[in-house]
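Below you'll find a set of structures to go through.
One chain, chain A, links the two complexes that follow: it is found with chain B in the first and with chain C in the second.
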Partner chain A sequence: MSTTVITKTEIQNELMEFLCRQFLVETEDIDITKSLVDTGIIDSMGLIEIASYISKKYEFKVEEQHMNRDNFGSVIKIVDFIYRVKTS
Partner chain B sequence: MCGIAAIYGYSDSSESRKKTLVNMIASLEHRGPDGWGYYISPDIALGQARLSIVDVKGGHQPMISDDHIIIFNGEIFNYIELRAELEQKNVKFSTTSDTEVLLKAFEVYGLSCFEKLNGQFSVLIWNKKTKDLVVARDRFGIRPLYILDFHSKFYFASELKAFDQVENYQREYYAQNLFAHGLLWNTFGDDTIYQNIRSLPGGHFAIYKNGVLHKEKCYYELGTTLTSKYSSYNEAEEAFKEIMDDAVQIQLRSDVPVGAYLSGGIDSSVILHLINKHAINKFKTFSITFADKEYDESEYQLDMAKSINSEHHSIEITYKSIDQYLPEAVYHFERPVFRTAPVPLYLLSKLVRENDVKVVLTGEGADEILWGYDSYKEIKLLNFWSKYPDSKIRPQLIKKLYPHLNHYNDEKQFGMMKMFYEGFLDNINNDFASLNIRIHNNQILQNYFNKEHLVSFDKDSLLNEMRPLFPKNFDKFNILQKNQYLEMKTLLSGYLLSSQGDRMSLANSVEGRYPFLDHRVVDMLFSMKENYKLNGFNQKYILKKSYEHNIPSSIINRPKRPYMAPDLKSFFINGKLTDNASFFLSEGLLNDYGIFNSKWVHRFISKYKDGINGNIGYRDNMIITFILTAQIANYWMKNPRSNKLSEENLTIAINDYN
Partner chain C sequence: MEANKRCIKCILSDKFPKIKFDEHGVCNFCNNELIYSTDAEQINKSVSEITKLFDDFRGKSDYDAIVCYSGGKDSTYTLKLAVEKYNLKVLSFTLDNGFISPVAFENINRVTNKLGIDHITYKPSYDFMKGLYRMSSLESLYNPSSLTRISANCNSCISIVNITALKYALEKEVPFILAGFTLGQIPANTIYYKNNYKFFEESRRPVIEKMKNKLGKNVSTYLEISDSLLSKSPNYPYNINLLCVEDITENEIIEQILPLGWKKPKDVDGCSTNCKLNAFNNFVHFKRYGYSPYELELSHLIRKKLLSREEAIEKLYDQPQDQINNAMLELKVDPAHILPFN
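After this line comes the complex of A and B, so read on.
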C-alpha cells in the first residue's frame, strides 16, 4: 500500500462504497460535508466500524488522538485524514 | 381480567348487532375463556369475555343495576376498602366482585370515582335512562382500550383484532403514524398506527352523548406534585418500603392462586421478597432462560428462587423458538416491535397457565420510576457535560453508560464514543431528553418505507405536535423527570405494558399485575430527591438500599443489564433467512402490502448472506425486527382468524330491543 500512489478521489470512492454497503444507504443520502452521526447515517457502533474499516483497508491504526471531529466530522474530513496519514 | 367489546350508535337490527358483537367478543376469548356475556339494545351493544379471578361465581358481566350497565376489564385492588366506604353510605351489594364495587362507586361518586380507584382497568358504563356512555382507563394505561370510528358508529375493544370482525371494515396502517411509532417506539397521545382507530389515553375518561364524543378529560397526570415531603433519606426509605409493602399486599388479592415472574434482576426479586413475606402457602415462580448464554440470567434466578424457597419453573428459549413463535406473538400484540423480547414472554405465560396459575406479579415499571434505564444515565451525563463542553474529565463517564456493551467500556474506542455523544450536547435541553438518541438511531427506518407514502421526519415539528399534550407544569420538571414522563408515555404504556405485558400474558389467559405501578409508589418516587433514585451512576439506589438485606447480594451487586432476546440471529441460518422470515419478507408479500420498499429490504438481507460475523449493532437488530413484525401484523390484519364461542359458557344474555 505504502508504495502505491493514492488519490483523495480513490479514498473517497472506496469510503462511499463502504458506507453504502455497511450502513445500507445510497450515495445521494450522504452529504459529504456533514457529520455522519448528526445526519443519522450511523450510530455509535458505526464510528467504530469506520475505524475498523480504515485500519484494515489502509493498514494503519486509528489512535485515540485521531478520534475527533477534525478527522471524522464528515466524509471529506475522513478522506483528508486518511490521505494525510498515508502520504506523510 | 377480561376482554371487552362494544358498539355505540343506533341499529334497528338486533340480529346483526348481536352477530357483530359476539364475533368481536369471540376474537378476544383468549383474554377471558371462563365465560362470556352480552347486552344489546338499539343504542348500544356491550360484550365481555371473562377471566374469573375475584368472585368467580358472582362477578359475571355485563353487570346491570337499575340505571346502569357495566363492562369492565381489569382489577380494582382497593375494592375491599372502597366497598366498606360505600357500605357506610348504605349502599347494598349482591356479589363480592370488584366489578360491582366499581359500578356502585360510579353511581355514588360519579366521574370522580376514577380518582378513587387503585387498579388496572378499562371500563364502559352505559346509563340506560340518559343514554350517556362513559369510558375510562387506568392511570398508566396498563389495560388497553381502542376506539374505531366507522360509518357513524364507535366501536370499542380491548384488542384491535376485534375490529376485524366489523362488517365491511378493513384495518389498514396509517404510514406516517407507523413511522412515528418507529421513531418513538410508540405513537404519542391517542394516536395508533391504524387509520380511524385511536386509543383512550391512560388516566382519561370520555363521555359519549347523542352519538358523538361529548367530552374527554384527564383525571390523572404524572408529576402534579414536585416537592417531596421527606426531610431525610431514612424517612423517605421508610415511607417507600411501607407503600411497596401495601402495593404488593393488595395486588395479592385474588380468589385463584397468584404466582410471579422471576427475571433475575432486582425489581422482580424485591416483589418476590414481599410476596414471600405475605404469602401463606408456598407459591410458584416462573423464569425465562436462554440457550445463548449472552442473554441468560438463570444463575441469578436460581439464587433468588432458593432464597424464598418457591416452586420454581423455567422455560429455555432458543433462536428457533423465537423464530417459530414470532408470528403467534405478533398476532397478539398487533404492531411492529423493535426487539424480539416479547416472544419469550409469550412462551412464559404459556408455562404459567400449564401450571394452573392465572395471575402473576411482575416487576414492570421499576426502571421508569426508579430511573433504572441506561437512558437516565445518558441524559444525566449529557446534561453535566453540556455545562462544560470542553471538559476532558466529564465525557470520561461515557465508559460507564452501558456496562453490557463492549464498545462503551473499551478504552481504545473512547474517542469514537465521545464523538458520537458530542453531537447531542447542543440539543439535550429541547424537551425530548433521551428520545433525541432513540429518534436519531431509528430515523434510518424512513429509507425502508416506499417513497409513495411520503413519510417524513422533522424533529421540531414532532416536538411541536407533542408539546400541547405535555402536563402544564412540564417546564418545571428537571431533565430526568422529563425523561421519565416521556419514557412512561412512549416506551412503557404503548410498548412494554402492551406488547410485552398485557398481550403476552393474556394471549395465554394469564393476568399480569405490576406493584411498581401502584400510583402511590409512582407519585412518591416522582417527587423524591434525584440522588435517591440515581445516585451518581448508581441506579435504583433507594430500591437496592431498602432491600439489600432481604435479597441475595449477588442480585443487589450484579451489573444492570436490560432484558433482551436474540433478534437478527433468530432469523438467519447460515446466511439464509428462516422459512418464516423468508415468507413474510418475500418480494411478493412486501410488494403486495406496499409499505416497505422490497429492494431496500433485500439489500439489508443480503448484508448477512455470508453469515453473521462479530457483533450486530442495535440498528440492524432493530431494522429487521421492525420490518418483519410490521409485515406479520399486516398479514394478520388481512387474514383475521375467526373463532366461535361455546353457548355453554354464556353467562349473561340481555336483549333490550323489546
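After this line comes the complex of A and C, so read on.
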C-alpha cells in the first residue's frame, strides 16, 4: 500500500486555482500573506465556499472551532491549517 | 441594460468579470472553464445532508425553521416546501423594507393563512432604509467581487434579513433558517451551512464601520447581534436554501403556488416578484459595473434548461423607467451622482 504525502506547495497551488476560478480573480490579485476578506477577494459567503472546498477536496469536516482568523486569515494560514489537519 | 456583446448561449455580457468568448461567441462560463465545483455533485451531497439534518432536529423547539419570506415566488415556494414536503413547523418572517409591492403583502397574508403558519413582519425605520439604499447606490460600500450575483442595494437589504432571522432563531432556539435563493444567486457549495455569526462578523466589520460612519449607531440595531444574545444561545442555526436542490422551472413554481392564492404583482420589474425598488437597483448596478446583477443567475437557469435565452433577455430588459424614476425621487438620488466603478 502506498502513502501519498501532500506538500504545502501542492495545497497552495490547488487553493490558488480554486480561488481564481471561484472568485473570478487573477493569481496576481491575491496577496497570500493578507486576509482574503480585507483585500476584497471574498466576503463572508466566500469563507463558507472555502470551508466547503476544503471539506470536499481534503476529505475532512471543517468544524465550528476551526472557523477563525488563525486558520482562515490568509492563503498561507489556510494552507497551514489544511496541512496541519492532513498530517496530524 | 443594452450590452455590446453577449454570449450566444447564455446572456453574460462582455462587461462581466473574467468573461472571454471563443471564436463562435460562446463564453468561458458556458465552456465550463470557470466556477470550480459542479452543481450536480454538490446538490446530491446537499440533499442527503439536508434530509438528515431535518430528521435530527425536527420537533425539538417551538419552531423547526424561520423562513425568510419576501412574498415573491421563490420564497413562497420555499415556504410550501418547508411545510408540505419537509413537514417542518415554521415561523415565516418578512422584512418590510418600505418598497414591497402591495400585491406581495396580500400574497404573504393569503399564503400564510392557507398554510396555517405563524408570521412576523419587521419594519425598520423608513428613513434608515432610505439612507442605507442611498449610501449603497452612491458609495463603494462593497467590493465589486462580492457583487457579481447581487446589486449593492439588495445586498444591504438581505444583510438585514439575515441578521434579523438569525436573531429570531437564536432567541427562540430554532435550528434552521430557510431562504428562497436559487443556484446562480448563490454558489452550489453554500446550499447549507452553519451560521457562525462570530466568524462572519470579522469579515463584515469593514462594511459595518463604513455604514456606522454615515448612518449612525442605528446600524448596530439592524445589522449586529448583541453579545448577551449570543452568549444565551450556544448553538448557531443552519442556513438552508431548499430551492437549490429542486429542479423546477419558474412556470412550474408559479403553478405550484397559485393554489395558495399567490398573484403576480404588476408594479415590479421583470427580475422581481415582490420589490418595487429592484429596477432601480439594477439600474445602479449597470451604471456602476456595466452589467446586470441578474446575468449570472439567469445564465445559470439557461444552462440548466430551466429558462430559455429569449425568456431571460425579456426579463433582463423589463426594467420600467417609471419605477426607476420613482425610486430616485423617493431616495433623493441624482443619477448624475451614480458613477462608474474604477
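Going forward, the second predicted complex is superposed on the first by the 85 of 88 C-alpha atoms of A that agree within 3 Å, B and C clash if a C-alpha of one lies under 4 Å from a C-alpha of the other, contacts with A are read in each partner's own complex, and residues count from 1 in each chain.
To be clear about the criterion, a contact is a pair of C-beta atoms (placed from the backbone, for glycine too) under 8 Å apart; a residue touches a chain by one contact, two chains touch by 3 or more.
Just so it is clear, the model here is predicted, and its values are computed rather than measured.
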Contacts of A:Asp38 with chain B and chain C, given as first, second, both or neither: both
Partner chain in contact with A:Phe60 - chain B first, chain C second, else both or neither: neither
First, second, both or neither for A:Leu47, with chain B first and chain C second: both
Partner chain(s) touched by A:Tyr83 [first = chain B, second = chain C, both, neither]: neither
Contacts of A:Phe18 with chain B and chain C, given as first, second, both or neither: second
First, second, both or neither for A:Asn68, with chain B first and chain C second: both
Shared chain A surface residues [contacts with chain B and with chain C]: 21-25, 37-38, 40-41, 43-49, 51, 64, 67-69, 72
Residues of chain B that touch chain A when the two form their complex: 407, 411-423, 440-441, 443-444, 447, 600, 603-604, 607, 615, 617-619, 623
For the chain A and chain C complex, residues of the former touching the latter: 17-18, 21-25, 37-38, 40-49, 51-53, 56, 64, 67-69, 72
Chain B partner contacts - residues on chain A that touch it in the complex: 21-25, 29, 35, 37-38, 40-41, 43-49, 51, 64-69, 72
Complex interface listing, chain C residues touching chain A: 17-18, 34-37, 142-146, 148, 186-187, 189-190, 193-194, 196, 199-200, 202-204, 206, 236
